[in-house]
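Take a look at the structures listed below.
Look at the two complexes coming up: chain A is in both, with chain B in one and chain C in the other.
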Partner chain A sequence: MLTLGRACLILALAVSVYGVGASLYGARKGNRAWVASGRRAVYAVAGSLLVAFAVLEAAFLRSDFSFELVAGHSSTTTPLFYRFTAMWSSQEGSLLLWATLLGLWSSLILFLTRNKLREVAPYAAAVLLGFAAFFVSLMVFLETPFARTLGALPAEGVGLNPLLRHPSMMIHPPMLYSGYTLFTIPFAFAIGALVTRRLGAEWIRSTRPFTLAAWLFLGIGVLLGSRWSYTELGWGGYWAWDPVENASLMPWLTGTAFLHSVMLQEKRGMLKVWNVSLVLATGVLAILGTFLVRSGILDSIHAFGASTLGVPFLVLIGVLVAGSVALVVSRSRDLRSEHRLDSVFSRESAFLLNNLVLVGICFVVFWGTFFPLISEAVSGSKASVGPPWFNRYITPLALILVLLSGIGPAIAWRRATLANLRRTMLGPALFAVVVLVALLVGAGVTDKPLALAMFVFAAFVTGTVFQELWRGVKARRAMSDDSVPMAVVSLIRRNRRRYGGYIVHLGIALLFTGIAASSAFQQARDVDLRPGQSARIGSYVVTYVKPTGEVVAASNGRLERIDLGAVLKVSRDGEALATMRSRRSFFPSQAPEFGPISRFFEGEATSEVALDAGVREDVWTVVSPDVRGLLPSVKEGDRVFAAAREGGKLSRAEMDVLLVQALRGLAASYASDPPAATFRLIVSPLVTWIWLGAIVVFLGGLTALWPAPSGATRRVSAAYAARVARELGRA
Partner chain B sequence: MLVLAAAVVYVVSAPLRGGRSGRLEAEETAEHAELTAARDAKYSEIRDAELDFRTGKLSRADWKAQDQALRAEAIAILRRLDTLEGREDGGGRPLS
Partner chain C sequence: MDPDRKRTLRFTIALSCALLLAGALVYTSFAGASEARSPSQLVGAAKVGETYELTGKVQDGSITKDGVTTTFRVRDRDGNVSVPVTYTGAVPDPFREGREVIVDVRKQGATFVGEKDSLVTKCPSKFSADEQS
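Up next, the complex of A and B:
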């Protein structure tokens, strides 16, 4: 099976290279046969990679330790659920996932455009096959997922990194990689459009669903990563401006800018240079994000460590940047705008400002992420840039962005008069003022002006969106006899892009409200408590009720970990609110130098957070048990087991039974006589609004992405065509 | 594995063997596709302008002015499409 996997990669590489040549030759000569052959090469690459993917997944699922990757990242005690996803916890497996997703999306777009974009599509196919060839060649020559385990096959694998045993981590990488690979689609078609000088709206229309899907998937991936950080990592936060977090955010920011500004090109033929530059930058940033994770060039909790992939990626990025700049400059005449801005007071202006803000945020993130590297290159010492630096520059930009999210929907295309603006913005502005007064008077929010501004702007956005919905429903009902619910459905159905976008803006308002509240008003403290003792945080009293200790076995009976934890009670004003359980899980190291008991305290350890989430605020806590008191027993246990093993009087099965008893005794002794444990206690307002806002953003994106019913489109198009045709007759 | 490789070669080379000859469509078809996309975008603009009026973002006078301009732009696109289709149908008068 290893041979089959390797062979599939070699086949995929060969077909990719052939496909690049066939597509380019067919495009240059105008020969349909070669173009079709190049397109089929894309399908064949996707098929080969799918087979390779299936071979590797099967190996993980059956715990085939002849695969070095399986032995190094999975084990028989890893739950089936996580064995399936362990593949992409590794460098090599994630490269295979990336390439497979690229193959699938490339096949889909080229299938959908097989009868259109006939000049552009072959060049796009060549670019996509070029990406495929690059990633597959990394796997063939440098980091193969199909390496054989050297020496004797181990009885047990190393296991999945316990930090990654979380549902979000199952989905986070496929979502991120789907986003990255989907962004290569508009990138490739932009290259094709530039090469062929076919710079009208057709390539944008054909690739728009993929651009929107990329934005959606990448956004989901980013949010899942935040959720994992908040519920798994034990520091109590959801975003740390970590380099790999930033790497996924940057293409999402420029992708968001592109989704807005491309509307100006579709409607008015404006911003052509800006749009192609944005989409090319987004594609490059997607590759850059992949590079940051692969090379380990920046310190991060996520990075796979320094590898051999840094130089090839740098070369690819260099080629992409140089090629993109050269193409845009050489086609500058074809990219001239067809129209100018009619008015500063217009949706076009709002979109332009929105773009500048989004790109500005991206620049800040980029600079802060790469500054340590640049500093090291220039001065020899690595400076670090932390959250305070990012927050200082991004917070005001985020405020402007949220405000524009409210202004955009309320302003007309082309030209809005002051009277129009008054009519559309007065209501939402009044609502925002009411919220402001309520927060100042009722909630006493006066000492956090930036957070207050965010709440007020978010209220303005909410007012705008609901006003737009209401007015649209009224207009719909005036033209039909629909009931209110039917009018809502009909309105959104007929204007999916517009109202899908409004729903996204509403989600963004909720999300930023949650971020502002949880950042500005969070209360946190670290305390040492013994059982029975309490600590106060905010208006809550947290009482350490009792310790817990447990030995956990996997479904196949093998020992998986030791859990040492705590049960806590949360109350407010004497009323019990919740019982919370937190624990620290100790997974055994596989290194041979550790004894059978001590290896449990020399391997990976993860924290299970206790979270009482509410709409108003979250109470979050995590325990760090003090295991120093157990170490003498651990040492003694290792000595006893070593002696028993040397004596040879006990069988392997008997040793295993005694080991379980010893570990259970250790856990029980901790639970019966625990030392003080350290607890981090956090109360964060409105964190739930972040996740709710993300769901609303997702629903809005899905609405915008959903294809319009073709019958309705035809009827509407035909009606307008008839009207315009009548006008033509009178002209 | 050999079977897979053979299948790939067979599938990928099929257009070269299968007599799918002929050149890619002439420039006019690409122009037709671009004009069709531009027409659809213009119709979308016309609808958006009406929705802007009905949701209070445009006064009636502003909407009428915009609508007139947009329809004129749509007419221009339709004229170009008609000319192209007339040319693609072998010449003669543009289709009405």
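Up next, the complex of A and C:
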């Protein structure tokens, strides 16, 4: 199977290289047979990579330790779901996932455009195949997923890192990589459009679903990463401005800017240079994001080790940047705007400002992320900026962004009159004022002005979205006998892109409200408690009721881990609210230098967070059990087992039974006579709003992405035709 | 006002704002950054009251705990020079002897005091050649 996997990769590389040549030759000579051959090469590459992916996945599922990758990242005690997803916890496996997704998405777009964009598509195919060739060559020459385990096959694998055993962490990489690979599609078509000077809106319309899907998947990936951080990492936060987090945020920001500004090109032929630059920048940032995780170039918050992939990625990024700049500059005459900005008070201006803010945020993130390299180049010493630096700039920019997401949908195209502004803004503005007064008078939120501003702006956005929805429903009901709910459904169904966008704005308002509240009003403390003792956090009292200790076996009967934890009670004003359980799971190390018992305390450990989530606030806690008291018993156990093994008096099965007994004894001794444990207690308001907001954004994105029903399309087309006819009549 | 002049004025104002913001960004990043230092760079050179970003590995056998305060030594990645660190608060899950850590520290007397919530241990979700060896 290893040979089959390797053969698939070599085949994919050969076909990619052929496909690049065939597509370019076909495009230059206008030979459709060669162009079609290039397109079929994309399908063949996707097929080969899919087979390679299946081979590796099957090896993970059956714990085939002859695959070095499986032995290093999975084990027989790893649960089936995590064995299925363990592939992308490794460098090589994640590269294969990246390339496979790229192959699949590339095949889909080229199949959908097989009868369209005849001049642009071959160049896009060549670019996409070029990306495929790059990633596959990394796997063929540098980091192969199909390396054979050297020497005797291990009886057990190292296992999936316990911190990664979390459902969202397993879905997070495919989402992120789908986002990255989908963003290469508009990038490739933009290159095609620039090369062929076909710079109208057709390539944008054809790739729009892919751009939107990229934005959606990347957004979901980022949010899943945050959720994992909040519920698994044991520090209680969801964002740390870590380079790897930032790497995924940057293309999402420029992608968001593009999704807005492209409307100006589609409607009015404006901002062509800006749009094509945004698409190219997003594509490069997607590759940069992939590179940052693998290169070891930034020795920041997460410490990265050495990797062989840094130089090839740098070369690729250099080529992409230089090529993109050269193409945009050489086509600047063809990229002239067809119209100019009519007024500062217009939707065009709001979109432009929104774009500047998004790109500004991206620049801040870029500067902060790469600052260690910049400072080393300038001053000779590596220095880094922390979260306060990021927050100083991002917070005001985020405030402007949220405000604009309320203004954008309401303000008129071309030129807004005072009457128009009054008609569209007065209602939402009054609602925002009501919220402001309620927060100042009712909730007494006076000491956090930035958070207060965010709540008010979010209220303004909510007011705008509901006002626009209500106006649409009223207009709909004026033309039909639909009930209000039916009118809402019908309205959204027929204007998916517009109302999908409004739903996204509503989700963003919820999300930023959650971020502002949880950042400004979070209360946290670390305490040492013995059973029976309590600590106060905010208005809650948390009581350490009792310790827990348990030995956990995997489904195949082998020992998987030892759990040491705590049961806690949460009360407020003397009223019991919840019983919470937190634990730290100790997974065994496979390193041979550790004894049979001590290896359970020398391997990876992961915290299971206890969370009582609510719409108003979350009570979050995690326990750090003190295991130092167990260490003399652990050492003694190791000594006894070593002596028994040397004496040869016990069989392997008898040793296993005794090991289980010894570990159970250790767990029981911790539970019966526990030392003080350290607890981190956090009360965060409105964190749930972040996840709810993300779900609303997801639903809005899905609404915008979903193809419009054919009837609706016809109606829209008819309406558009009528408008064009009216405008022509006026001219 | 002449439309072309108006546009030039708008562009000049926007460009000036962007340059001002970029200038502030550059200035504050250099002024407020913590310099990354290995233990051997800090020994003898660190000034009392200054903040540094200390990177290195947790020295074997150096971890002791007193309530919520953990004391340990951080040594050079490829060497034995080490500095003492006291850190108050919960430590990350992967924190243990031999692990790579990054922590913002301030020199107080002979020891380095970790700043709250700044201790980060190598994240296993990242790929590295070291991890596989």
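To be clear about the criterion, the second predicted complex is superposed on the first by the 705 of 731 C-alpha atoms of A that agree within 3 Å, B and C clash if a C-alpha of one lies under 4 Å from a C-alpha of the other, contacts with A are read in each partner's own complex, and residues count from 1 in each chain.
What we mean here is this: a contact is a pair of C-beta atoms (placed from the backbone, for glycine too) under 8 Å apart; a residue touches a chain by one contact, two chains touch by 3 or more.
These figures come from a predicted structure and were not determined experimentally.
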item: Contacts of A:Val527 with chain B and chain C, given as first, second, both or neither; value: second
item: Chain B versus chain C as contact partner of A:Val244, first or second or both or neither; value: second
item: Touched partner set for A:Arg414, first chain B, second chain C, both or neither; value: first
item: Which superposed partner A:Ser607 touches (first chain B, second chain C, both, neither); value: second
item: Which superposed partner A:Leu233 touches (first chain B, second chain C, both, neither); value: second
item: Which of chain B and chain C A:Ser381 touches, first, second, both or neither; value: second
item: Which superposed partner A:Trp389 touches (first chain B, second chain C, both, neither); value: second
item: Contacts of A:Phe594 with chain B and chain C, given as first, second, both or neither; value: neither
item: Common interface positions of chain A, toward chain B and toward chain C; value: none
item: Chain C residues within the chain A interface of the complex; value: 7, 10, 14, 21-22, 25-26, 28-30, 32-36, 53, 55, 65, 67-68, 88-94, 96, 100-102, 104, 117-118, 120-132
item: Residues of chain B that touch chain A when the two form their complex; value: 1, 4-5, 8, 11-16, 18, 20-25, 29-30, 33-34, 36-38, 40-41, 43-49, 51-52, 54-59, 62, 66, 71, 74-75, 78-79
item: Residues on chain A engaged by chain B in the complex (per definition of touch); value: 3-4, 7-8, 11, 15, 18-19, 26-27, 30-37, 40-41, 43-44, 47-48, 51, 116-119, 198, 200-202, 205, 266-267, 410-417, 419-420, 423-424, 468, 471-472, 475, 478, 495, 498, 716-717, 720-721, 723-725, 727-728, 731
item: Residues of chain A touching chain C in the complex; value: 72, 89-91, 94, 161, 163-164, 169, 233-235, 244, 293-294, 296, 299-308, 340, 344, 356, 360, 363-364, 367-368, 371-372, 374-375, 378-379, 381-386, 388-389, 392-393, 526-528, 584, 602, 604-607, 622, 624, 626, 628, 676, 678-680
